[in-house]
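Chains: A, B, C, D, E and F, in written order; residue numbering restarts at 1 for each.
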Amino acid sequence: MKFGDNCWVDMQQADKNKIVVMPLGSMEQHGHHSPLLTDTYLVTEIAERVEEHLSGQIYMLPTLWLGASDHHLDLPGTVSVTNSVYSAIIKNIVRSIAKAGFRRLLFLNGHGGNVTPGTQAITELTNESDVYNEMWIALSSYWTVAAPAISPEDHGMQTKQLTHACEYETSMMLFLHGEIMRMDRVKSSPPLINSPYFHSEYGGRLNVAKRMATRTPTGAMGEPQYATPQKGESLLNAIADEVIACIEDFATWS
Amino acid sequence: MKFGDNCWVDMQQADKNKIVVMPLGSMEQHGHHSPLLTDTYLVTEIAERVEEHLSGQIYMLPTLWLGASDHHLDLPGTVSVTNSVYSAIIKNIVRSIAKAGFRRLLFLNGHGGNVTPGTQAITELTNESDVYNEMWIALSSYWTVAAPAISPEDHGMQTKQLTHACEYETSMMLFLHGEIMRMDRVKSSPPLINSPYFHSEYGGRLNVAKRMATRTPTGAMGEPQYATPQKGESLLNAIADEVIACIEDFATWS
Amino acid sequence: MKFGDNCWVDMQQADKNKIVVMPLGSMEQHGHHSPLLTDTYLVTEIAERVEEHLSGQIYMLPTLWLGASDHHLDLPGTVSVTNSVYSAIIKNIVRSIAKAGFRRLLFLNGHGGNVTPGTQAITELTNESDVYNEMWIALSSYWTVAAPAISPEDHGMQTKQLTHACEYETSMMLFLHGEIMRMDRVKSSPPLINSPYFHSEYGGRLNVAKRMATRTPTGAMGEPQYATPQKGESLLNAIADEVIACIEDFATWS
Amino acid sequence: MKFGDNCWVDMQQADKNKIVVMPLGSMEQHGHHSPLLTDTYLVTEIAERVEEHLSGQIYMLPTLWLGASDHHLDLPGTVSVTNSVYSAIIKNIVRSIAKAGFRRLLFLNGHGGNVTPGTQAITELTNESDVYNEMWIALSSYWTVAAPAISPEDHGMQTKQLTHACEYETSMMLFLHGEIMRMDRVKSSPPLINSPYFHSEYGGRLNVAKRMATRTPTGAMGEPQYATPQKGESLLNAIADEVIACIEDFATWS
Amino acid sequence: MKFGDNCWVDMQQADKNKIVVMPLGSMEQHGHHSPLLTDTYLVTEIAERVEEHLSGQIYMLPTLWLGASDHHLDLPGTVSVTNSVYSAIIKNIVRSIAKAGFRRLLFLNGHGGNVTPGTQAITELTNESDVYNEMWIALSSYWTVAAPAISPEDHGMQTKQLTHACEYETSMMLFLHGEIMRMDRVKSSPPLINSPYFHSEYGGRLNVAKRMATRTPTGAMGEPQYATPQKGESLLNAIADEVIACIEDFATWS
Amino acid sequence: MKFGDNCWVDMQQADKNKIVVMPLGSMEQHGHHSPLLTDTYLVTEIAERVEEHLSGQIYMLPTLWLGASDHHLDLPGTVSVTNSVYSAIIKNIVRSIAKAGFRRLLFLNGHGGNVTPGTQAITELTNESDVYNEMWIALSSYWTVAAPAISPEDHGMQTKQLTHACEYETSMMLFLHGEIMRMDRVKSSPPLINSPYFHSEYGGRLNVAKRMATRTPTGAMGEPQYATPQKGESLLNAIADEVIACIEDFATWS
């Protein structure tokens, strides 16, 4: 059910064991070819499928399109808050949901940069008050929740994992919003350092802090030129199914 | 034009004198009868009309549905950040828009509680750096910008001004989203104190800080029982026209 | 009664329903002709008249001469704190008054720049604890409280409203401290932008953030050349009467 | 010269090598017998004597009566900010004075609780920017500056040093504002712990944090019953002379 | 080389391309059987081996034993700072190292709770100034850097991975400081929720915030009863080798 | 007893009236001749002697080598946090110790720059909650606690007091770690200003904020050329004895 279409007296009477789900997006550069709202479009699509399937069991908040994307600010159009402000936002949201009496809250994340400040926030909250420690508060990205369902071989992917404006994200955007995609501008962009300790685009064994414009000239990662709408449809179906399964499991924890 | 459907290279080449407009909403209780997203629905409708009419002259951001509504938190379903966090959000957004090179930014506000922290933010920013003082940064609520166009007599209103979940807001919601309105639950709610110094619902000559649940038992103000969709349509047309006129004027300041 | 001339044991035994009044001033540029302490001198004069008239009913704190005037810092002699620090000061003062057990507190403001951070502070406090929500905490500028009593026609004013170092403030200063006024230096200073949306000196329908040195070359607004001590005396009498009436009304709210 | 009676154009033309002096007071309990504004009255008297004597060489700001007195809040009437907020205030004031172009600034302190947060502030500022490191910024209490001039034997004191609402402060208040002193209420109050490591009322070799109501039941320290106006006059003369001598020396540092 | 045994003139002349390494530990409960300093002892041992092997190429700071362990505070003896304060510490350290002119900095982490606030810090810094973006700043836990070298089969481990006070950490402590280990107190402690989405002790696909005392009654995780000093020696050798190899690789990035 | 070698169940059963002692050091420039860790080495030596002598009565934490040394940052190798962050650290540590149930806590300081932020912290804490006001929380430097025991004449010192990298500190370092001292580089460095109000190296009657590189070209103060290991041994013995006596006294306060 859509959270925001209720009146407060409806919320007062709601079953407080239902899970409140809040999708987290971003407004940030996604290379020369994919729009600023890419992460927001993708996580919103997944959230809508979840909401449709689990309508009676969850309250779905609207996607927060404002994310922690400061490492993308060198490339214009990115609209972002710092990690610290993002942590404050997440804390305030949990506080609001707790105040309403709900006991289960899932942040369904769609942007890598939100993970650290989001985790910073829910960890601190849990340490600040028993109220939050007694709730079930979770924050995970859809590609982490659905990791086993998006192995490259199952969807015909050429690249190993979902990164940023990559074959995976581009495929899903082509399926959903092909009309605003600019595949004519796609270029391949190799990683900055070729080292086994720095091989992963997001993190790696040696977690190095560098802004995106330093890591990749186009702002994209992976190999978006291999993207197709068919791959995107296949990925979205698998992800939505796995996220739904996860939420159904989460609902049983006590 | 929709800001978020551009790629960063489009933003790099954009005319930086165009106005970036960002609508500000809320997720907060609106009495027994109007949904939590009321302010967001209303300001988004106005923003869409503005975007349609001024498509070539502005970049329209999506509505930020998360507002400063802590004074409503006693009534469940309100999702809010504190004033201080809201100020931080607004500062971070201005910073992002300035970083992209734009020179004109309008926050088109749809929730009264956002005005103080929003003004706190843009005032501080202007004092912090010449970069912000040299930009044109404005923040106003649609009912302030359009004040001369929404006089009660022009739209057949029974009450004097737009407040909260009142005849005005309820009328506009009835026109736009009548199917989720619960007019069967409407009650009149008189103000807390009957004093000439406390007569206005929002502020008044003596600006008194009290949470909403202390001011009104239902969470609504004004007289929503007089609302009709016809009044709502009339108000929306007048507001959109005046906001458009204002933005056209703003575009000429130098 | 003067708050600060009591010992703590007197305060312990005080009637906690009496109103604590705290005047808020500033140390900021007031054009070429009026001294840095203008706002402090004016609000202190009004406070002293109030204290004299309501001596048995109120506790009057000394004026806080340090205000939120960062937008005036370009013009030297301004001594100011940022909006955020001013909000923190106001919160700490309310906390102190609440700790002493008083239930009614009025900040009688004499500087426009204090309104936003002062309101930010009392709004946040009210949302933070029932202690503050149950008190009556108000913050208003003397020109707002006394608005009906200072209409231009009643005092022979040439300009429509009180702004900054204007005909109104200058008249009152001429009456009170003519010996330090430099009327020989007065010049007229027209507003920066001539637009119906930007017509008001303080705010207007489109609330635009700009530092004072950008808005007016002299640092003054309005038309101080029309000021006379007679107008000043007339204004001060009317303002003091209306502020007294307001406080007497405030004392009855419950 | 009084800082606040100048216009900004006067400050623009001022000799920036003159010393700006800012007296720091408090509004806090001073036992059963001395008023809340005791520290403010005393430091203001000293400041006025300094201003009179060095009129052409300094700019004297008004006393900031709001201090860091949270350790006194248990006893009602204390109006205070936390140490952190006080540090922020001091930093903002230095920033304002530096912005005006002055190179020498002395905080003349009259309340013990201001020393730590004031020192925290000026130390941090000096580390933050060369602008502040290149200025001469000092903060000292009048009893520290004038230490050699207030030895007990020179003024017939029974107790060894100035503490809080003690023989010294009470004597000076009797001389200046005897009409509001309540000597009829004076009681002796011995220190909490009788240990050579805890012997000093302010600090001692083992610096222990305890609120005042825990340290002394009356809120006073030392032996106020020995106070006389004659001792007070003698102390004030000696202190003012030594503070003046110090400022004259400070003016020559380069 | 040991960083702290140098004088500042030595640091002025140092080769700024050498890597500064700072080990991060904790003081936190490690079950009934392992001491509060467990993480600090382990990461310090690894750091000392690294320093010995790479003496001419690195500057090794002392281990910071104070970590972000608030989720352990329910169990006494834990000495910790909040995530936000830990982030501030890390930012201040990077700032100090950058001020000295070094270009490469590795935080070698030994406590899981430090990862989120540490990453929050270095990400924010990189976004705040080009100075930090141009440096190579990395933060990784030794078990992440050395992941391929500590597969369970290579060291005869019964459990799959290193968690907290587990078979792995206990084995290494038995090898290093067996005299203070209390193996007589060891109990097995199964995870709180048996779900495929919550299976991992540190994180898992659904990242859930819960304090440690809620997750495990003893404060330990994994199966410490299988620990032996031989396994510990084998693990330490493998980890030290892999961390050394990583640092040698890191030294070549440009 | 060493705090960190206990398990949490040991701490649960500990006698909570025992004093927790935490030594505070620094990593900062100490002139051309003494290493960055000077303060840490010295306070750690004293702490170890205390721990040995009072083993059954106290819990000794490891020295925190990270201090508030920003005023030394101009000279490379200094690793420091700002005063504000240092205050936050101290507050968090007190909170941790209070959470474990201990009632007495002594910060044994070894670096002058830690005093102001440490005092800021414990003062604020005591004002924030009765929990902290009811504890005995002290913070003092070893040279303050032991002041009567280190008079120059008792140890053959040529200079009047302990300052920074001076005859005193250098003597103790020569005794403890002569092998890393560089006496070949020692130069005398006279104070910046020769004034009776500025005569003391640490503070003086006029407390002036200046960074160290502005005060002394070498970074050292006093006359380190007079240092000998014999003086150092004598000082260390006297200091340790007096600190032990103080702690034994502190243990009896109630």
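Heads up, the rule we're going with is that a residue touches a chain if its C-beta (ideal position, glycine included) is under 8 Å from a C-beta of that chain, and two chains touch if they have at least 3 such contacts.
Since we're looking at a predicted model, the values are computed, not measured.
Steps from chain B to chain F, taking the shortest chain of touch contacts, total 3.
Path length between chain D and chain E in the chain contact graph, taken as the least number of steps between touching chains: 2.
The two sequence copies chain B and chain C touch through a face in which the numbers common to both exceed half of the numbers used overall.
Between D-F and the choices A-E, A-B or E-F, the pair with more than half the same contact pairs by residue number is A-E. Chain geometry summary: the mean Cα position of chain C and that of chain D are 28 Å apart. Chain C and chain F have Cα centroids lying 48 Å from one another.
Shown for chain D are the residues that touch two or more other chains, namely 73, 82. Judged by the touch criterion defined above, the protein chains form a single closed ring in which each chain touches exactly two others.
Begin at chain B, move on to chain C, and keep following the contacts round; the order you get is B, C, D, F, E, A. Within the complex formed with chain A, the chain B residues making contact are 3-12, 14, 27, 29-37, 40, 61-62, 64-66, 73, 75-82, 85, 88-89, 92-93, 96-97, 99-101, 180, 182, 185, 219. By the touch criterion stated above, chain A contacts chain E in their complex at residues 70-71, 73, 82-84, 87, 113, 116-117, 119-120, 122-127, 132-133, 136-140, 144-145, 147, 193, 195-198, 205-211, 214, 246, 249-250, 252-253.
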